[in-house]
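Before anything else, here is the set of structures, which you'll find just below.
One chain, subunit A, links the two complexes that follow: it is found with subunit B in the first and with subunit C in the second.
What follows is the complex of A and B.
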């Protein structure tokens, strides 16, 4: 295999392995904790490296993952005192652990071939140089093997405990009442997140690990209301950004990790704006439409209430409709388009259909069934705001 | 005739951050009653239910469900939490939430199948929410959400039901629908324990009542103990309600 394909495979597998725990972290509103873990595993990595002299050794991964778990435990202990909130507790714990790691590196600078830059940013381009040999046969980069094993373990755990993870994330109370200990599930998830972070950090650095865990899940969350789809979408987003980022780096001759992070960011931004129902544009359009339709309704009710031609003059109605919120003309247009009103000599009258619509709406308002008006609009409106 | 005791609470004391919110509670609830727990906001009603269900660890005392610890009797107990205790924006549908009620009988790892789905659809039908089965739960009204949680408790097919304010924020029609389901459960021999705030309706809806305000004040049949004396002890002010005979 050539290095280019190997790098892409490492990036893609890492992205998939990060996306799965990432979905649950995002749903549990624990995005920050992944940042904390990715930093506070540093002392574990340094100590592990001093013992094993090998960044990809399983012992080092376990030691480092253990310091990730310690982070989670410390955060919870501080939080339980009730003196500070969770984000503050996180902010207290991880810089402390991270700085212990930095001091350890500085103290042992001579025999530890580690530097802080590499830890934070990683260097995917070098990942293929560290090879895995069985009986002197080269079977590929070590990083690819490590992260693939972790991906397999993550997928099997997720398939086995999908229902438990879902329940304990959605409703802690029921989860514990039914005997699915939220504590065990919480630490299980944190262990997976820690192990994945450690394994991924060697290849891609701490910052990209956080981006790969949180961004795909956050983007998928905007697109679906189905947890299974959210998982699949997150993996897809992660993997495609990883490969897209690699080619962007080639094109710009830039850092691969940096490019992947950029692609992830752009992808998220695009989805944030354009997602069909939760995206910013869709939300604004919907609000605008609702405003217009509410104005239309009050306007039609007003017509229904007042018979005198004076009250039904276009000029007067324009005053009646709240100018600052919507343009009166667009409301009138909408009413005409839907065949609710006719305008003759600047005087507005309700059509038969308009009358029927308002009477029904009035009835719903009086009987406190306002929500039914929404459904009714579907029946009456050919065009919506 | 000796009544079977469904829930026995013995010397229970519960604290948050070392501040006790329930003091030395002794309580026994006979099987087959439809019981209200009443008390002011912050009285510890939710806390009592959560500690009976092992969601909160008490600092002292014990709880028995049909004579055994709760951890051995999980399958006999269903629970409807007080609103707002779940993540409404979670990506899940009404049917999915109801199916969660079947997880307890499935145990670890096993996934719900066709049988569980059928039970859940029946429960949705019973609470009149079948038409909403594919809705994301945040897109339901407060009363509809409450019905979904009731359906989730129904599929648990338990012997004892705990419900924390099932009538909170529901309209009169839904309230009647819910109370009828609860009465049906009692007719089927189940024990139903409900945190309730509307004192006016206690005599009409329930046959037993517990008064609680940090301490346990009284438990017994509504006709014997639902009186001004206990209401005053619980709420601190002289509470006048018309007790319907």
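What follows is the complex of A and C.
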């Protein structure tokens, strides 16, 4: 296999391995724990490296993952004292552990051929050089094997505990009432996240791990609310950005992990803007429509209250409700389009349909059932705002 | 190394002054970040500042600190603004938004930095000092810039003190009073971003969040007053800077940033344990003391329940009818005697008048009089 394909495979498998725990982290509102873990594994890596002298050894991965778990435990301990909030606890723990790691590296610079840059940023381009041999036969890069094994473990764990994970993610109370310990699931998920982070940092660096965990899940969450679809979509997003990022890096001759992140960022930006119902544009349009429809309702209620012709003059209404010209016109147009009002000689009057709509809405408002107005709109409106 | 070096050694003096000023401004503004429950915003922003530095370098081609920091400021502000946008316009939560901006901006920044490194511009070396920070590169002009920024933010803080405080603790009330909450909110965010950007050069993107958080979290434990907290946080931050610099200067191979962060963490740990009001130690002591007090009252009340059926309250009873279940130990018995609530004669005890009165009022004192 040539190195180019190998790099893409490592990147793609890493992306898939990160996407799965990422979905659950995002849904459990613990996205930042991945950031904390990715930093605080540093002392574990340094100590492990001093013992094993090999970045890809399983012992090192376990030691580093263990320091990730310690982070989680420390954060929870601090949080339990009630002295500070959870986010402050996270923010206090990981820089301290990271500092210890940096100092350890600096103190043992002669024994530890580790670079903080390499840990944080990784260098995928060098990953294929570290080969894995069985009986002197070259069977591919070590990083690919490590991350593939972790991906397999993650997938089988997820399949085995899918039901429990889903339940405890969306309803902690019910899941503990049914006898699934939230604590075990929590630490299980944290262990998977830690191990994945450690295995991935070697190839792609700590920061990209965070990007690979959170971004695909967040993008998928904007498109669907079905957990299975969300998992599939985020794996898809992760893998495609990994491969896209590789080619961007070749084009620009720049860091592969940096360009994978950039592709992920562009992907998220696109989905953030254009997601059908939860994207920025859709949300803004909906808010705008709602605002206009509320204005329409206010306007109709006002009409309903005033019978005299001078109160219902177009110019007077503009003054009375204190709308600007453009807004007043757009509301009037909407009302006419929907046959709610008629305008004769600059005097506005409610039609029968408009009267019916207004009275029904008024009733809902008086009886505190505002949400029903939304359903009613579907029955009455030919054109929405 | 001795004390006089602080006044004679130019580098050491500059670095000490720089880290002290940085600690002060971070503590001051970090208090607001912590109280606004935006502790990790600092982490996200410091990462988000990286592409700004790279772009500023790409545009100007010069490594002027002020220009680079301006770029960092702009991209930090864009990051903050986008985080707010994601949280308010979509159903993604704050933690996801922070993680997204943090990693995406940082990755993009790395792409630009590696791209710059490949350029045939000899000037580019040393841009990566912003990643991990190098206090050693501080020069006098940097310190002056830091001091100016600190002065300005102090001035703004004093000018808008009332507004900041109101916004912090009761946003809705501030809005109903007619304050422009958006403006005040933006102002405080702007200064937090500014403090972060100023610190990048000294402690780097990764450790910046701790500089912002740790002094404030430590100060929070000692007081419930905002002004005292801000002041204390500034002092803690300053001392972290000074001690951190001193420790790292006394040893070879100790980078300043991490040491400062560790010193600040020690401040936090000490505050968590030893602060008189909220600290773990005193809380535990109070807990134990309360428990003892309750045991004592339990014993006394049990005695009272035996005695009240007799005509003569001072009639002696055997000690062995008391047991552990009523909170009885040798210790409680002697304490009760010390308080003059009971008297002990050999193996018997008897309630005194005082003790009887105390016990009969024990569970009624807190009840409303009927």
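Definition applied: the second predicted complex is superposed on the first by the 367 of 385 C-alpha atoms of A that agree within 3 Å, B and C clash if a C-alpha of one lies under 4 Å from a C-alpha of the other, contacts with A are read in each partner's own complex, and residues count from 1 in each chain.
Throughout what follows, a contact is a pair of C-beta atoms (placed from the backbone, for glycine too) under 8 Å apart; a residue touches a chain by one contact, two chains touch by 3 or more.
In this text the structure is predicted, and so the values were computed from the model without any measurement.
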Put subunit B and subunit C onto subunit A via the superposition and say whether they clash or fit. fit
After the superposition, just quote the angle formed at subunit A by subunit B and subunit C, using C-alpha centres and rounding to the nearest 10°. 80
Counting only touches as set out at the top, which of subunit B and subunit C does A:31 meet: first, second, both, neither? second
Go through the superposed model and pick first if A:221 touches only subunit B, second if only subunit C, both, or neither. both
Go through the superposed model and pick first if A:180 touches only subunit B, second if only subunit C, both, or neither. first
Just checking: does A:106 make contact with subunit B only, subunit C only, both, or neither of them? Give me first, second, both or neither. second
A:9 contacts which: subunit B (first), subunit C (second), both, neither? neither
Partner chain(s) touched by A:283 [first = subunit B, second = subunit C, both, neither]: second
A:189 in the overlay: touching subunit B, subunit C, both, or neither? Say first, second, both or neither. neither
Taking the superposition as given, does A:260 touch the first partner, subunit B, the second, subunit C, both, or neither? second
State whether subunit B or subunit C is in contact with more residues of subunit A in the superposed arrangement. C
In the superposition on the shared chain, how near does any CA atom of subunit B get to one of subunit C? Answer in angstrom. 6
List the residues of subunit A that touch subunit B in one complex and subunit C in the other. 221
Within the complex, which stretch of subunit A touches subunit C? 26, 29-32, 34-35, 39, 78, 81, 83-85, 87-88, 90-92, 95-96, 98-100, 102-103, 106-107, 109, 116-117, 120-121, 207-208, 210-211, 213-215, 217-218, 221-222, 249, 252-255, 257-262, 264-265, 268, 272, 278-280, 283-284
Which positions of subunit C touch subunit A when the two form their complex? 34, 37-40, 42-43, 47, 85-86, 89-93, 95-96, 98-100, 102-115, 118, 128, 131-132, 206-207, 209-210, 213-214, 217, 220-221, 253-255, 257-259, 261-262, 265, 268, 272, 278, 280
Which of the residues in subunit B come into contact with subunit A in the complex? 17, 50, 53-55, 71, 74, 77, 79, 81, 85-87, 90-93, 97, 100, 103-104, 106, 108-109, 111-112, 136, 141, 152, 171
Subunit A - residues contacting subunit B, complex: 27, 82, 160-164, 166-167, 169-174, 176-180, 221, 224-227, 229-230, 368, 371
